[in-house]
Amino acid sequence: MPERKPQSDNSFRQRLHEVIFEADTPAGKLFDLALIYSIIISVLVVMLDSVSELQLRYGQLFFVLEWGFTLLFTVEYLLRLSCIGRPLKYATSFFGIVDLLSIVPSYLSLFLPSGKYLLVIRILRLLRVFRVLKLVQYVGEANYLLRALQSSRRKVLVFLLSVVLMMVIFGSVMYIVEGPEHGFTSIPRSVYWAIVTMTTVGYGDISPQTDLGQALASLVMIIGYGIIAIPTGIVTAELTHAKQVTTQSCPQCSAEGHAPGAKHCKDCGALLNP
Amino acid sequence: MPERKPQSDNSFRQRLHEVIFEADTPAGKLFDLALIYSIIISVLVVMLDSVSELQLRYGQLFFVLEWGFTLLFTVEYLLRLSCIGRPLKYATSFFGIVDLLSIVPSYLSLFLPSGKYLLVIRILRLLRVFRVLKLVQYVGEANYLLRALQSSRRKVLVFLLSVVLMMVIFGSVMYIVEGPEHGFTSIPRSVYWAIVTMTTVGYGDISPQTDLGQALASLVMIIGYGIIAIPTGIVTAELTHAKQVTTQSCPQCSAEGHAPGAKHCKDCGALLNP
Amino acid sequence: MPERKPQSDNSFRQRLHEVIFEADTPAGKLFDLALIYSIIISVLVVMLDSVSELQLRYGQLFFVLEWGFTLLFTVEYLLRLSCIGRPLKYATSFFGIVDLLSIVPSYLSLFLPSGKYLLVIRILRLLRVFRVLKLVQYVGEANYLLRALQSSRRKVLVFLLSVVLMMVIFGSVMYIVEGPEHGFTSIPRSVYWAIVTMTTVGYGDISPQTDLGQALASLVMIIGYGIIAIPTGIVTAELTHAKQVTTQSCPQCSAEGHAPGAKHCKDCGALLNP
Amino acid sequence: MPERKPQSDNSFRQRLHEVIFEADTPAGKLFDLALIYSIIISVLVVMLDSVSELQLRYGQLFFVLEWGFTLLFTVEYLLRLSCIGRPLKYATSFFGIVDLLSIVPSYLSLFLPSGKYLLVIRILRLLRVFRVLKLVQYVGEANYLLRALQSSRRKVLVFLLSVVLMMVIFGSVMYIVEGPEHGFTSIPRSVYWAIVTMTTVGYGDISPQTDLGQALASLVMIIGYGIIAIPTGIVTAELTHAKQVTTQSCPQCSAEGHAPGAKHCKDCGALLNP
């Protein structure tokens, strides 16, 4: 990051960067904590503002709070832009866009009438919580989960593809069996029913009435009930495998597959690299 | 595959075979991609055509598209027949029949009045998507899943048999406890209720009203909630096992499936490569 | 089994015992197959007989079939009694009682008016299917499952106890929060709601209406959704463990933990006892 | 525990302590058994007392029983206080507070009118059942489960955080898509719907009506159906891991937790006993 500003300003920017982007210093931790509370409270305000009774009684309070948070997040966004080495890269990164989306809807609502829909975008502020995960040292756990998901991605996709195919086919068959008079008004709606049933959600807004339909629905349910075992098995096998062995290899005999926390090679007894 | 045609024609058929049945050449990949999109769009057309509002407005467009796809798939089917060594074997294979079922309903609908039901068969075109899986190299994943399912098949069957027995017995008891006045009009319907409940779908179209019935239903729910652990455990144990076996093969007898950490081949006792 | 009958009769009883109680001879297999079909058809007759439309139309046929099966099973029961060494032990065993319960209701219905309830007991005939499992060689699978269930029995019980406690406590709290005006008319009914919700069945016949109630219900749902992981984990760990290693130990170096199917010790290469 | 009472009284207190707090002596076991039955019956009385028909008919009986149990538990509480070394520590411990909460509501109901809500607190008596687990020697199982849960706590928290974020975001989007006219009257209520759907409970009291809403709901369902695999995988991996570690302990440094097949201690490198 080549910087061309004078030293004093540079060090100020560096300190700002430490506080805003890192969580190693006390000031950085405090900033992150303040940020996480602001995000949660501002999201709660957006949510409560949508309840009409509360909107009638506390609408003005919500309005003031919302603009307070919007200004706060705007200042934070500008500070982030100012203290980072490559502002453009940040602005186009995932979190940069989320940061921007957190404040833009409030300003746009000043000019646009249908603000209601815009304002819901502010809920995306919640995604910023993930940035603060580093504070509570949960990054390792999140990475572990992501890695296991990533390595089982393809198998889960094949499974989901098969499930969706089954849903479409079962939905289409039910469309013929039950027909529009029992709520299965079209194939897409019948497929929706198949999804509601196979995932064991079961709203009951559409449910089979004929004997054949109920027999078929029973089949769909039992399949949906049973095949959940498959993605669970895939992810579990992935996680169990990731757990069992470290990636250490013995410096003497190159043996691998040591238990987590092992200090000596389990085959030759040599000291492992820490 | 003994061929009796002249060389030039033979090589043309070979090239056609490469393009249509394989996915190693650029032309083959392009063909598979085009096919997958045609299948998905044609299925979407069939689905949307069943929505009465859309049918009224875009019915003519759907009609044209549908016949376009039918002609396309017909040409494809004939090409497949012409370029394969043993056409009859292909025509009677699983995918051969699916390919035929994808086009026949449209032609039949010209002669038969109750076309509506026939046309839904075209949804089976979706099954053709599985053929194209080879394109995206998911075959390995699919095979891995199929193998694990196959080796846990018997255990899952015993589990399912037990579950179905429980459903029939619980359903019958509920038929006595609740009776026709609370929606449990017959044993088959009560068994349907037991399936809806035990799989945790829970439509709510039939639900117990008496105290005893609700107590019994609670038991059914807790059982259904708990025993899903069993198929999941079976499949997971199978998948974990498939993982745990190393990919080593014996340098002497080429046996595979050695335990992690094994030094000697489990079949012939030769030293394994470390 | 000391037998005091003359040789010829003894051998006839032995052959009868082979046919009825075993499945190793062709006659035994045939008998078991015939039995399994009789059971399934007779249960279907009982189920269909409860559908009032079918009862009106085919009632007489059902009546004849039912008495046919009852006589058949009576003869079978008497034959079983006659050819077994200790008839009393059989008659008081689990399957002996099930066999008796399969035929008694039909005879009792001749004398008792409220036959409807009695007749449903005949559904228990289904349990006899488990006896025939030996025919299809699924005993090993069933034993494997039973062993894993048995060894995880205590952990699952502790889990179920905790879940039931949670259901009672959550149900009681909801009784206060929602009250009788929203369907939570008593604590037992509220507990029923908690069971319906926590097992993710969700009929919707009782559902929270107040804001606090919905918030609490959300908590119950998320807990119920998450903790299913626990019994699944217990059973899976049990099954995975049972799978991973045989109980073989090397005759040379006493190493254990060999992969299923291993012929040579994985540590020293010696031949394992088959 | 320094005791300043005369010897004879001291030994009486010791015996009382043995009977009440321990379960090794026959008297202690008997006491625990009597306690567990009293707890269960008293909780049943509280539950049945809330059913208005039963309250009308057996109200007086319930009243007498309830006061009997209250006096019994009061005596038990006082005995516990008197025979323990540090009464204050017990009184402020978790079980000490539960014991107190089991009896206080009944006494308070004498002075306060809105007794109904108070009395439900008595349901917490159920928690006392956990104390008696030591009787049936399930402590080991409970500890095993608790340890696995504790070590997977962080991963499950990250998972739950992600799920709750998804629920809030999906709920907010559905609030815009469906709107108040289809039951999605506010964002909190829409989030409630998202929770009901994603956990596959599916009451059906609120369900999407528009095509876009149903498509989005389908996505929510499939995600909720699939991601249950993740906590299950986490807990299973934890439990499987707890199983896989051998029970070997190093003859030199007594370290435990060696991988199956290890020959050398992973901590000090000494040879493990085979």
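Just a few scattered comments:
All chains are identified by letter, namely A, B, C and D, in their written order; residue positions are counted from 1 within each chain.
The rule is simple: a residue touches a chain if its C-beta (ideal position, glycine included) is under 8 Å from a C-beta of that chain, and two chains touch if they have at least 3 such contacts.
Computed from a predicted structure; not experimentally measured.
Relative to the C-alpha centre of subunit A, the farthest chain centre belongs to C. When the interfaces B-C and C-D are ranked by how many C-beta pairs touch across them, B-C comes first. Both copies, subunit A and subunit B, contribute mostly unmatched positions to the interface they share, with under half of the numbers common to the two.
Spacing of subunit A relative to subunit C, judged by their CA centroids, is 41 angstrom. Subunit C and subunit D have CA centres that are 30 Å apart.
Residue positions of subunit D touching 2 or more other chains, listed in rising order: 188-189, 200-204, 224, 228, 232, 234, 236, 238, 240, 244, 261. Residues 43, 46-48, 50-52, 116-117, 120, 123-124, 126-127, 129-130, 133, 138, 141-142, 144-145, 148-149, 156, 160, 163-164, 188-189, 192, 195-196, 198-205, 224, 228, 231-232, 234-236, 238-240, 242-244, 260-261, 274 of subunit D are the ones that touch subunit C when the two sit in their complex. Touching subunit B in their complex are the following residues of subunit D: 200-204, 232, 236, 240, 261. Those residues of subunit A that touch subunit B in the shared complex are 154-155, 157-159, 161, 165, 168-169, 172-173, 175-176, 185-188, 191, 197, 200-204, 207, 211, 214-215, 217-218, 221-222, 224-226, 228-230, 232-234, 236-237, 240-241, 245, 254-255, 257.
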